[in-house]
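What follows is a structure written as structure tokens; I'll ask about it next.
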């Protein structure tokens, strides 16, 4: 028994020493510093990012992450991030970033907006951006957003223009204000072309349950839809797959999904979230950061309908003209914002 | 014939702590192997895990803030286990407890702070109990296995609250699906400058002590333990097992609800649709690791809180994907439950004595 | 052992220990082909352990076993079964949900691939059943069979495995005298067919009736092997216990007081709708012991529970000291001076993982003198426990030891101590000496006689007829939930009581 | 109106089958484990493990078969760990199950991020085409039942086999005996530990395959937590099915149909919060659980710890 206790103590000491080392050796552990020794003392911008889900979701988060990687290459920033941060706990992650000396904290989801409003006043020297945010309550908060419905409006126009059954569908993961805007945009766009068109809506209730997403779309297909707008994160792949099997058309969102199924995805209603990330970082890099709400639009590339090149050629000029006309009207602000109850 | 031997109890306790500690160390070594798989130096990662959770004032604060609901979830599971009621529905009871505190915190106004807080907490306890009672009722009335009903009730609770928060409870001034904030009078004050640690920590400590005192020091606790250890013998000794199971259930549901309430009043302040706290399942793991003893559970709940907070630090510093936290918790649970076998064997030997 | 005949099983120097206990020590034993050989000894003498070691249920620490001249080192029952051994355990090892046929054929090798040819097995089993004249319905579920029938299933099970060597571990402990005779008939037939039988028992009458030779074990060692010829019970019992012991207890003559406990037409229907107790009526006076004899499972357990308040009677009334207690909880009955010593001390009497001192106050922890403020007064509890442990000679290394680690005798002493010390005056005592050694039995009997002398009211429930007869003033027999008329012990012969125990009065077969 | 009704029935049937298949695999696996007397609380985690490793195996090799084998291997390995800890180290079956569930929730998510896969190029290639059964597939309405992939047909065979297995084979009888009364089984030479290990391992493999079916033939991608409570539903289905393979089949179909029905509610635009529709299967499960209790047919030794004498 004695021996066992001693060996246990040894292992315990090993653990304790691990913890102990943590404090002591920290300075030596900063890897990035060495490379820049010769450079003039320009500290790289440190950016901390908070994601709601996985950076590999092939949609919203991935687009934001890619923008970070690009900013690192182009602007020499340093960044780190934390994934799957629930809104309820995001305040602590922001504070952590702030204490760890980050210059800019990007809360990459509009649901973080209120929390940012709470945390930002505690750190007046740190800048915050909220992707798709809706309010800026402090000078150090920039809510960078877009209309939220322009892209889906165009998708609706396209869907209605190509639908033969006069029934189209939209699949979302969960319900939210932005989701409602997106869906209402889609419905209004479709009705603007064909007032009699029917739009089916469904929710998977999670960003993960791809089997359920496929079943829902399959059900809609049986109900007669021939175009589906899928805006449900990674579940999109399953949805497009189902559309392909059934031989109906799909519109991807929020990224360009043409390559997933070139014969099925006719276009993508893109709202690349990387634009928001990029916008904030650039403002800071250009020493031009001001609080406030920035609404980016079609002109800035924050919203668009991207044709699948293979399909653009197949559609009649009339279809393409209709979509382009809608696009023009949207960027000119000639279409009224949809009413979301 | 020796007298009452408290040194034996002490030796057993020491042995239990040592063996459990060894299991935790083994679990961390396995977790390190996973980290290495990602091409990251596990020593560096572990260092950040602990420094992130304990190395700074803010880190400690965050850890303690997480500890509050986690510890109550742990106590909740343990006390139900004492009477062999498998409460796997703590997640749902925490959610309902949050809802109770939220309703009173938002919609009851004009009360002085202490009274408002107590009223909110009462509501959270009641809601927690009521939600568990559904499973309790189904078990006692129909014999439905509570293990399954509580799991199902978790899913239902989360969906139910989301429905409420997206409809009747939705903050009319907010664009996102969330409730209003609780009134200022319902907020639990912060107790550690510059951190989120709130008065709930004191509540949790007091409740922890009360639970300890009740279970190990009072006649009621004696009955509870007797029913858990041998309900037939307890029944023949004049104890009513059904009554004790119900008491255990009520305490369990109340503790879980209180955990949700404290977290809401002290930290969250509102409910955002889609929130999944995950304290319920962590609490089960921590209860097992703490071997259902209040002091052991305080340590294990703290460790689980450290893993949670440190997990974030590991990702921010060296890019270890966050789900490692769950994998590590799983390994800890498995290692500790296996170590329980050795503890049992050893205890048996030690209590046997000479004849 | 010089004139050795045909030895089928040869055991040499077998030693088997459990942590802290030597179960068998240097056992040498020869069993001859075709004999009925009894292993006789007290509880805990090592009879069952010896057989289980050979059979592969426990390993043995050292020693050799030869069967039919070949070494036998069974790692599991499978090995023993393979060479032709078959063991029928004291507690039947049957799957209640299976049919008789399934129980008989379970564990056998597959016939073709993994396929099971039920038809083939059925006809073979039927053959055996006919040959040994055992009546069995092969498609009935075992849970619907009587104990006697279940034992027959066990026997057919080993016969079907071609067992030529049967070990019967206390087979009669659950049987009525009549059923036991039936079993002996089967054993005779087995012997005629050339089988060898080891019979484990501590009941001297049976042993003398059925055995060819008898080996007596004591404290794990072989004392002597004798041929069953002109043997007297006294000789055997002297060998068993190592000294002359008479368990004929002298119960004191006590002047009886008024009725302490009265039962009026107690009946009980279980949730399944089956009548478990039917119109049970009797009364017991202060200073009197009333014994209830009967085969296990005839309602004794339920009767005790109804009296104790842990089961609610469907009808009838119970009076304690003349006042009705039907609606009172167990706790209230305890407070009125009732005490219960349950049959299964491990499962019902003790909380195994509670300390000795906690078990001592299991029926009194809530009393005011053990309470200080809101909590328990551990000092008072310790003092009380120390006193009881000393007075009742409960051997334990410490008060903090888990009760499950005490020996059976010490566990029973603990239970007795807390019941008696509670100032109680009505005692329900069930199976008080089950599994105890002679010393502990003597202790228990002495305590019971002291209680009687103190004028307490005592209900004794036991399946050991001898125990009931030697302790009780009056007795009755319970069968299928009904009790017979009470009678004075000396008024009826054992055979007559045996008939009652088998329900003979009602069935005219 | 009539044709609309027929369409809905069609959706229901097809959806029901697809929802049922993964759960039924897991439930059959759980059934085998539980028949041998061991509760399998790890079904959820096993399904996740199967889903991930099937996906990963396919991703690396491009072969569905390898994917299936990977799922089976993950199940077998987990089954061994479960067996050792439960049978040798007497670990609580409940706690082990919860430990495994949390572990795989983390591990699969962790590995998924480490391998850094996402997007279209990492989708499983559909090599498992539907096998159409001539004539039967043309039957209106239920024709859809006869154009499934091979893993669905395999499942049908498994259900039928399992039913026979427990009644007509020696291993089956031994497994059942071990679950009803291990001591009785041991007394006639049945190796309790070996039989239980076999049951746990085989059961875990089937459960993992249930997850594998989800990624290989349905989702064709892996997503974190994509099993989403199906393991618990499978566990419930065993109780609903009163521990018979036929009953389990019905139990799983009930759940599959309930989920399919909740989809229909959404699709046809019945205006209730979508979470309410999502709750339906769980509520139905509880109701069914309540209705089915009493008796229950659970193996007598289910969940009890076995100590060799």
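Lettered A, B, C and D in written order, each chain numbered from 1.
As a working rule, a contact is a pair of C-beta atoms (placed from the backbone, for glycine too) under 8 Å apart; a residue touches a chain by one contact, two chains touch by 3 or more.
All figures in this text were calculated on a predicted structure; none of them were measured in a lab.
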Greatest separation from chain A - chain, by CA centre: C
Between chain D and chain A, distance of the C-alpha-averaged centres to the nearest whole Å: 34
Chain B-chain D separation of Cα centroids, rounded to whole Å: 30
Intercentroid distance (Cα basis), chain C paired with chain A, Å: 73
Junction residues of chain B - those touching two or more other chains: 159, 166, 321-323
Junction residues of chain C, two or more chains touched: none
Junction residues of chain D - those touching two or more other chains: 109, 112-113, 224, 273, 275, 278
Interchain contacts, given as pairs of chains that touch: A-B, A-D, B-C, B-D, C-D
Parts of chain D lying in touch with chain A, wherever the complex brings them together: 7-8, 10-11, 14-15, 18-19, 22, 109, 112-113, 116-120, 123, 214, 218-221, 223-226, 228, 259-260, 263-264, 266-269, 273-275, 278
Touching residues on chain A, where the partner in the complex is chain B: 4-5, 8, 11-12, 14-15, 18-19, 21-23, 25-26, 29, 48, 80-88, 91-93, 95-97, 99-100, 110-111, 113-114, 134, 174-178, 205
Parts of chain D lying in touch with chain B, wherever the complex brings them together: 41, 81, 85, 89-92, 94-96, 98-110, 112-114, 224, 229, 232, 235-236, 239, 273, 275-276, 278-279, 282-283, 285-286, 289-290, 293-294
Residues of chain B defined as touching chain D within the complex: 34, 37-38, 86, 88, 138, 142-145, 147-149, 151-153, 155-156, 159-160, 162-163, 166-167, 281, 284-285, 288, 321-331, 333-334, 337-338, 340-341, 344
Footprint of chain A on chain B - complex, ascending: 18, 21-22, 25, 28, 43-44, 46-48, 50-52, 54-56, 58-59, 62, 65, 159, 166, 174-178, 196, 267-268, 272-277, 309, 312-313, 315-317, 319, 321-323
